[in-house]
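You will see chain A twice below: alongside chain B first, and alongside chain C after that.
After this line comes the complex of A and B, so read on.
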């Protein structure tokens, strides 16, 4: 024991940066670098061959830009109205069915936009159910072609408003109670209270929800394609699939990325400007009972939205399913479900590896650097799948070219899983980060003071204590991958189909009855996180 | 003479604020040392440097012939054989009492041996949240002892214990630590804790060691007015340059007279603490009986109780 022991931590001369746990920090850095490389490659590839981009920019670019921005603004505004009004109604008032609508109005979230698109188009088309019902009542004009910009805005709004609904509801019910109570003690009447105190306080939460909606709009490909609205995202697909023009795809991805970045900056600026400190008391706000015509209107409004956004499309999917050739549908279902599950579990495993190691290292080293490494891997979730797909494509080609191996990584299942990790690490980051924030930093120190090594801290302390977060993260990531479309479409190996890609392909090929079973499977799986979300909202 | 633990010239600053300046002390086997100071005095930082959770900017810590850390080198906490009992105990919430103790166990003994040692036999299967504060603290101590430490550090071990239970706790903790024959260093801001159980008290003020000595030394022969004030109230009898002659309140006598006016009289349980004033100078005196506010008395400062200390 005598004498100087081997130095365990990284050393330096006095004044040099002393790096503790160097090995772990390097591991986390490498992981974060891998996750970020596809995005960085997009920037570095801007200088490379632009393919036929000049021609594209003269003909299509203005249209892409106008359509993308119109969609984002249109869906943003209509979800702002729908989400906020429904949240205020269900959180501040009692009316018949109010309790049911609190969960029911979240359910449309289970519909991926690309499925909703073909379902609504089907409902309204000439041979659709609306027309059939109308005809049985002697009305021959009950049909409409909703394919077009207004129709797409309406469809996306109906499946995306729950983001605004949920964030606003949380804010109303758990955050500002004491401000409201103090406003009442100053003599403000209820309506003035809502207008002058509550709504201004809710601004950041509403903006947060609308921002999520806009991100989802930008991430969509299937609905835009089905409705025939050319945007940056569909442009990326056209450039890549129809023309094999990676140069143009990269440039279009960068345009899309610019919009995402600007939206992100606006959101964070807006939230900083409107920041209100939350009050810690969380007694639920007392609700007012609505009676008579008011109660009827409230129930009709909430019920109407629920019917249009969830019940009708689900019923239509079941109707389509009943029309489908069941032998064919059932024959291919197991294989599709298996592929979806393989993608989901493989992707989730990779995501968890990334997030667990970076979060563990963050807690182990307790430095700003560790914090930023942990956070940086979450950035992919704010970036549309199509952009990530192009970045991963560039990365796989770089790897293939570096090792001179032809197309080994590009077009492989591995590249697809890696892309899922880049896109969805942010989904797992939230619950795991929250869980590890709850853990007292002292626990790691206590472990070290009884002699546990870093590896044992991970296995015996961090993992068991994070198991709830890991479980929640796994569920969310698995389901997100189940529903994922644009990434999978671009990067899937040749002849590889999941429930999501098949549902989209059938719908795109006008085989809507065949699309029903895979689409319904995706929707049912998608219900799980919505119910989880409801539980989380309720427990707050 | 070689000491078991040597803390030499430790300095530490956080973002340019000095937290510790040139702190030194030593400890021997079996010795129980108290780091006493107000909050912000740097005592917890010093403890964390010895445990390995902070690195010093200057100075070094040696234990049993091993260098634990200096400005260029820091042995990992898990390799130091230094046990740390945290203020909030930091028991692992997902493990029961037995597993908490076994986690870092380096002996062939059973967890129950350590539980017996802290008087908690039979609670092996409980989870930390099913224990009282005092029981949790004992589990934390048992867990540290099971890891066979050569030095035990305790951060504010009495802060979460009810005042009414502290008396027994102090006695039990001292007996337990003494029976282990390993040196223990405990941090406290409570003078009574330090006086009751320490063999040696180290007084920290603004990151500097002000005095090291036995409890009696510190109480009876404080180095300066700060130390004297930390351990009880006193009155300044006279001042000369940087020195002051002081006398403790309980040694100051109230006699008949009219020079001092009573400004308040507070009941303290066994006696009253009486505040008096003369020419805008304040005095505190212990009295067995309450005195009327506004009444006039005399004070006597017996020569044999007067201490000469540094003014600071």
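After this line comes the complex of A and C, so read on.
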């Protein structure tokens, strides 16, 4: 009978499914609310405070604005150039060392900006190694004061260009090649192909990388302070912490947030406009062998950047280490490294939990609401760490007071992990979102139509398909937490030190030789996730 | 599923491992400290050995610790707040984060201008803000006071860090207190006009800039020069040895000083232990180590300053009550902003 051929699920199941989906939607909503509450508390608290805005009137604001924009534009442009050129060079050409540089050029990612700031200033300063070498050859002028705006742009660019390098490399190697092949069949010669077809196709990936770089710049505090460049970020600290002027702090935070929002909108508009669909079937663009002077120039360029951005600073840290008495620090080392790992892994686990559930629900409900829930958790990435720390404190107090239990959450390790989730969910959002976009939903729908429960959809379809995205997200978050400073510094429980906080404390006390061991450890242990990142990128 | 499982396991492990200080009958004292020197840790351990009281520490910058104490409110576990300047202690008192504690030992050991009138906080060590200069390029007969730094003859010669720095803020506060507001504005503008370069770097960088010939006179704290003279780095020692130190205003009010200090937290759960720790840190033998390791001056006059500091010479210190510095701190930031001293 015709009636029996109607799927029996057509009547009963959808309603049932909706209920189940409803549960998941509530779960995602609760998670997003948890992540957003500290930020909401923060802004309502600050707004309620009102405060005068006289302090920051006419003298400070333009200076903050000009410095902030100069810095963002300067670092943005130079990482755009460095990252893109190095990615094109190592992915499209063969030259001595090319294979090595594909990994090596990612390594500066392990350098926290504040450590790099001290290191580069130290290399170039009077009585620094360069000066001493010069002096031994009778030249007493081989030193430079790099503190100031140009120096800061250079330092930040050297540690941040790998973001652009990585995103661009992935795009060149695994995508779009069918476009190239059809272009080639139309008779386009290779160089024209690269210029006219490949580069335009790479735009969204490059823009994504530069956007990440800009976010990192706006969140830096240590390097800006040491180099003496007042920006919106340092201004927030001065206003709030040094002057107790909450009103000014919230205004500055709003300006900063506006800049971030504009950058974010530009990026997503740009990427929508330039969106291209990928094809997986075609083979990658074959590499061309460089010879003679060209090969020499290519190796020198990649090698030069690798030397300046990684080898020289690491060598300098070893040089400092050789001068310092590190016996004390060495005894502490296992504990510090353990704490760092605990923060990184615990934080990453929480971040992934948040992002996986919200992204899964977005896929499950396929509504605007689900989309925005998924996106909203990423907002913490745009807010400086120290500000988030205060928000998390307010939230912990609220929780403690509600349950009337004294200090349970506040000042606990859990609060610190939660703060990482608020701050870094945005880092994991990008790769997971991209991955689940690619899933085209057909498998998902198939799963739904055969009546898989939501739990099974998650376990049997969503998670396996998002494997690479999850791995990439974990790696990025681990790298970030490993280097993280302000949140850990402000929120950590009693007697809790990490490699990063220890390195910062010594450097802050102007004892840079003592800072060498923990700083070097941050970088070297940080290499593990960076190398993992390389493998993930390669396999995509 | 495997990943989710791993994630959950890690999370669980992470949450259970490092626990907050246990709320049992164990004697303890909880310290929020801006000072994160190795010597502090060593002395805390000695305190524990002598008294059986465990010392728990959170280090962060004083500004952030104050916000943390304020946010934690009545639940705040801190017993003792230790900062490395008077300004933050005064602000903590203003924010109602400290409580009075009367101790005979503190009263007898610490000079009145080095502690709060209301017994809210006390100094533990003293550091002086002095002038380092290039002996072959500076005629010191023209450089006797902070006020002299504003003299146009030093145009292009003066080096200093940014006005973000609390020691620069309290120096200006002392000038407001001693010379008056309008003189202080003129001073800040005058010094700014004499800058050899935009303010940047830390105190050590200013000394190196003199050695490098970028400028001739730097405003620095004594203990940074002490640390440079004892540095692991030979080149840094050499730079520090090439400059000389000058204690300003010896003919009138004395050289501006600041302190490391401590106050008992308002909601301290272990108030008695906090006081014990303060008294311990003021004891003669402890003061000796406390001050020595960091090239600071002891507040306990029975303890001697380190040889290195003694070599810099004795000096008269400005006895302006440190309380006044804290009160004028906000005004000094305003003035720096007004004259455009970064």
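The rule is short, and it goes like this: the second predicted complex is superposed on the first by the 352 of 540 C-alpha atoms of A that agree within 3 Å, B and C clash if a C-alpha of one lies under 4 Å from a C-alpha of the other, contacts with A are read in each partner's own complex, and residues count from 1 in each chain.
As a working rule, a residue touches a chain if its C-beta (ideal position, glycine included) is under 8 Å from a C-beta of that chain, and two chains touch if they have at least 3 such contacts.
As the structure is a computational prediction, the values presented were derived from the model and not from experiment.
Student: I'd like to know which partner A:494 touches here: chain B for first, chain C for second, both or neither.
Tutor: second
Student: See if chain A has more residues touched by chain B or by chain C, and give me that chain.
Tutor: Here the partner covering more residues of chain A is C.
Student: Just chain B (first), just chain C (second), both, or neither: which does A:70 touch?
Tutor: Neither partner.
Student: For A:442, select first, second, both or neither according to whether it touches chain B, chain C, the two together, or no partner.
Tutor: first
Student: Would you check which partner chain A:271 touches, where first means chain B only, second means chain C only, and both and neither mean what they say?
Tutor: neither
Student: What residues of chain C sit close enough to touch chain A in their complex?
Tutor: Contact set of chain C toward chain A: 1, 3-4, 6-8, 10-11, 13-15, 17-21, 30, 36-38, 56-61, 63-64, 66-68, 71-73, 75-77, 91, 95, 161-162, 164, 166, 169, 197-205, 208-209, 211-212, 214, 224, 227, 231-233, 235-236, 238-239, 330, 333-334, 337-338, 340, 342.
Student: Under the definition above, what is the set of chain A residues touching chain B in their complex?
Tutor: Residues 1-5, 7-9, 11-14, 18, 20, 440, 442-443, 445-453, 460-461, 464-465.
Student: Within their complex, state which residues of chain A touch chain C.
Tutor: 55-56, 59-60, 121, 125-128, 131-132, 143, 145, 147-148, 225-228, 230, 234, 237-238, 240-244, 320, 323-325, 328, 339, 342, 345-346, 348-350, 352-353, 356, 386, 389-390, 393-394, 397, 400, 406-407, 410-414, 417, 459, 463, 467, 470, 489-490, 492-497, 501, 505, 508-511, 513
Student: Contact residues on chain B for chain A in the complex?
Tutor: Contacts found on chain B: 51-53, 55, 64-67, 71-79, 81-84, 86, 88, 90-94, 103-104, 106, 140, 143-144, 146-147.
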